[in-house]
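The structures considered in this document are given below.
Two complexes come next, and they have one chain in common, chain A, joined by chain B in the first and chain C in the second.
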Partner chain A sequence: MLEVDSLYVAYGPVTALRGVSIKVEKGSFVGVVGPNGAGKSTLLNTIAGVVKPKSGSVTLAGSKLSGARAEHIVGKHLSLVPEGRRIFGQMTVLENLQLGTTVRKDREQARTHITEMMEVFPILGRFRDRRAGHLSGGEQQQLAIARALLARPEYLLLDEPSAGLAPVIVDSVFEVLKRLHNEGVSILLVEQVAHRTVETADHSYVLQHGNIVARGTASELLQGGLLEAAYLGADGAAPEPEGAGQA
Partner chain B sequence: MLKNRWATRVIDMVPVALFAIIVLLAMQSPDLQTPARVMVVNAVMVVGSYIFIGNSGILSFGHIGFAAVGAYVSALATMSPRIKSGLLDGAPAWLVAIEINPALGILLGGLGAALVGWVVSLSIMRLSGLSAGIATLAMLVMIQVVVGNADPITGGKNSLIGIPGGTDVYVPLLWLIAICVLAYVFQHTRTGRRLRASREDEVAARSIGIKVTHERRVSFVLSAFAVGIGGALYGQVLGSINADAFYFTLTFAVLLMLVFGGMNSLFGALVGTLVITVLGEVLRRWERGVELFGFMFTGQAGIREIVLGIAMLVVLFLFREGLTRGREFSGLFKKRPQAIRTTVIPTAGSKEKREPVQEEKEAVRS
Partner chain C sequence: MNAVFQFLIDALSLGSIYACIALGIALIFGVMNLVNLAHGELIMVTGYTLLLTHGLPLPLRIIIAITAGVLAGILMDKLAFRFIRGAKPATLMIVSFGIAYLLQNLAILFIGSQARAVALPSWVSARISVGGIGVSPLDLVTVLVTVLLLAGMGLVLYRTPIGRQMRAASEDFTMARLVGVKSDRVISTAFALAGFLAAVAGILLIAKTGTVTPTMGLAPLLAGVVATVIGGSGNLKAAVYGAYLFGALTVAIQAALPTDLVAFRDAVAFALVILVLIVRPQGLFIRRAVAERV
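What follows is the complex of A and B.
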């Protein structure tokens, strides 16, 4: 289980997280939604060791992660697909995938795994020798997810994978996530596409101004109107209109 | 696929061969022998610096410090005891007595520089970006101060003269080829690739488990070794060295060559060295005066620095990544996909079956 306990994070004078606690059971699909600036990316980056917390802890299967550096955490069965994809644009698709296996010791299997990945995401196989920077946004997102999966994570953290993508591509991203979940990968998904995320996840949290303001299953959050309340309470921004995330 | 990759590798080595041919041709003219030899030595230092700067993306102002270490270690190990006892007051007896083969001396110079690089890397590589660059500058100053003041060992401000090694161009040229192969192989190793990933995006690199500090240290030590070799060759080619030779002037000359050609490729390092050397030589001759059609043209002193500076600005303005735009030689023959592109949004109905073929996609994009 991945457990985040009363996490406080500040960037100088700006406090981004004010005592956030969440749990991701092994094998579950957990969503975190919230408006811009709520602290969603901060949460994921802190778990992945990119940002250091002021206080609070992150534990994975009972061992403490907080304090460790990013490059060591990814070896511990957790990997992050960062906001804005951040693939290595100058390198080829294949090189990006190979870099994803950095933490693995089983070289041979890792190589087979890359081939498998190119079957799961056919576009990556087709464009393996292209510069990753020349892929479209949706293709880059697939590459970012594939690259993270090549570290063989038990927990996959994704920061707004649907941002900037056309609705059909968003559909396929969600399809991929569901499939991964069925294959046993635990998922922590951060999104602004609130309805869609809450409906896909087993359990979701609503983050607002660095606080968890609501949590529950899709029906709990949607029926109680908690989701709308959270967004409206934030800065008057309504959740995305019905249907935007649906096919 | 595999065949293709080997072809690419062979093609990428073509500039090294061309560079060597140009040098050998220049050696035919007595007038050009010294500039040609110096160019080879400069190329070793430029390519050596490229191993770290090009792959890590961190601009180091300190690499000429490694050239100083290489030059002094090699010179002191190869000079005759008679000359050393005359130049060095109070030098330890073993230092005066030692006299090894010049070829071995070069290697020893490289290893000495690598050792210093390793020690320095313990602290500097923890820094990143601009602070690392400034720390390397501090390193240059420190090495300069030590070399310039350790009178019993280095002769302090005085020159070391009578460095053996001869004047032929083949030894430097062979070392240049070796260093180019080293640089090229390194950039294709796992470490090289990880380093290039961290150059593009350090946070993303760390978050997929790349130990950026470690990879940087490896390349820093390798790069120090290569620049140390360059320094050792410098001493042998010119026959004498002094501490001031390895300071800001040489640092900026080497960085100018690297940035001018494009610091992201080996091809760029070589092109930059060649173009800047030729341009510098032409301007130098002009400053001294040239006769054309019976008229005497004499350039203003200092014109060389100004023209080189302007050339640099023009290149950086036209191609941000230098003359070669970060490409290896084989990249010249590959079509560059367009940077500006439109995204194709498929309609919902076409989703299941429509997977555009590559040509089709390209057509839509251009």
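What follows is the complex of A and C.
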């Protein structure tokens, strides 16, 4: 299980997370939704070790992650597909995939795994020697996901993978995530497209102004109108002071 | 014919030396956003090692001097830059200036501020005739060694996992860490390679001039920085192209200027560089139109 406990994160004077606690059970699909600036990316970046928390802890299967460096955390089977995909645009598709296997010791199997990835995402096989920066947005997203999967994560964190993609491409991204979930990968998905995320995930959290303001299954969040409230609350109205809506 | 050939050899040999320096500067700039103003002191350390090992057989002196250059590179990182990882580029640059100044003063303190002659075999300054064309064996050695060295660097950077990791780190350091690239390891490797390149370039430069001084690193540093900037900063290949271009430009200006103005060769070269940058601020070998899609 991946457990985030009372995480406080600040960028200088800006506090981005104010005591956030979430849990991702092994094998589950967890969503985090919330308006712009809520702290969603900060949450994922802190778990992945790119941002250091002020206080609070992140534990993975009982061992502490907070304080560890990003390059070590990925070796513990937790991978982040960051906001904006961040593929290595000057390098080829194949090189991007090879970089995905950096933490692996089983070089031979890693090579086979790259070949498999190019079958799962045929576009990557077709364009393996192209510069990754020349791929379309949807193709780059597939590359970013494939690159993360090559570290063989048990926990896959994704930050707005559907941002900027055409609706049919968004469909295929969600298909990929569902398939990975069925294959046993635990997923923590951050998205702006709230309804879809909440409906796809087993369980979701609503983040607003650095606080978790609601949590629950799709029906709990949608029926209670908690989702809408969170998004409306972000527009001027005072944020919910208490920690959780349906905790 | 003879003049053209001489121009080509001069341009190639100067360009190759600049390329070794520029590639080292670009490597370090790529992995840690540092314009290392102490890069020239890697050359200086190599030069003084060559001076102090006189009496030993030349191949051994060269090996020791190159080792000293590599170690100086690694130590710069381990003793200084490691403690200010992630600092602002301006802070990093000021620290590197401090290191340069410190090393120059150590050289003055322990060896003296005046130029010292480095004893080298006589063939270094000889001229031979190849098919009626006079060439210096040193120029031929310079071109051969640097071209082999740059090709070797190309193999390391483009054909090995650590090279791939260094290129990834230069493109997006945080993302490289997220896929598991060990930041300290790529930075150390970049410093070691930069030290190696600077040491080889330094030895070839000293073979040309025959002397070492505490500030001998300054001119090569400037040439290297200019080459990376006109090529396009942050891009390794562009830095190498920039170096060859700047080398050719310098040699051409030297040939074109009347004898009493040759002393102003570098001033004219830098003025041309400024002009180039006004027209193409991103560098000559970077296509701005190819924006990476995010």
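We take it that the second predicted complex is superposed on the first by the 235 of 247 C-alpha atoms of A that agree within 3 Å, B and C clash if a C-alpha of one lies under 4 Å from a C-alpha of the other, contacts with A are read in each partner's own complex, and residues count from 1 in each chain.
The rule we apply is simple: contacts are C-beta pairs under 8 Å (C-beta built on N, C-alpha and C of every residue); 3 or more make two chains touch, one makes a residue touch a chain.
Owing to the predicted nature of the structure, the values given are computational and were not obtained by experimental measurement.
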Exercise. Could you tell me whether chain B and chain C fit or clash when both sit on chain A in the superposition?
Key: clash
Quiz item: For A:R69, is the partner it touches chain B (first), chain C (second), both, or none of the two (neither)?
Solution: both
Practice problem: Pick one for A:Q98: touches chain B only (first), chain C only (second), both, or neither. | Solution: both
Quiz item: Which partner does A:A166 contact after superposing on A: first (chain B), second (chain C), both, neither?
Solution: first
Exercise. With the two complexes superposed on chain A, say which partner A:V50 touches: chain B (first), chain C (second), both, or neither.
Key: both
Exercise. Kindly classify A:R152 by the partners it touches after superposition: chain B alone (first), chain C alone (second), both, or neither?
Key: neither
Exercise. Could you tell me if A:P122 is touching chain B, chain C, both of them or neither one (first, second, both, neither)?
Key: first
Exercise. Have a look at where A:R18 lands relative to chain B and chain C in the superposition and call it first, second, both or neither.
Key: neither
Quiz item: Is A:Q140 touching the first partner chain B, the second partner chain C, both, or neither of them?
Solution: second
Quiz item: If you lay the two complexes on top of each other, which residues of chain A touch chain B in one and chain C in the other?
Solution: 48-50, 69-71, 74-75, 79-80, 82, 86, 88-91, 95, 98-100, 102-103, 134, 136-137, 147-148, 151
Self-check item: chain B-facing residues of chain A, complex
Solution: 48-50, 69-72, 74-75, 79-80, 82, 86-91, 95, 98-100, 102-103, 122, 126-127, 130-131, 134, 136-137, 147-148, 151, 166-168, 171, 247
Self-check item: Parts of chain A lying in touch with chain C, wherever the complex brings them together
Solution: 48-50, 69-71, 74-75, 79-80, 82, 84-86, 88-91, 95, 98-100, 102-103, 133-137, 140, 147-148, 151
Quiz item: If you look only at chain B, which of its residues touch chain A in the complex?
Solution: 193-194, 196-197, 200-201, 203-212, 326, 337, 339, 341, 343-346, 348, 351, 355, 358
Quiz item: What residues of chain C sit close enough to touch chain A in their complex?
Solution: 161, 164-165, 167-168, 171-172, 174-183, 235, 290, 292-294
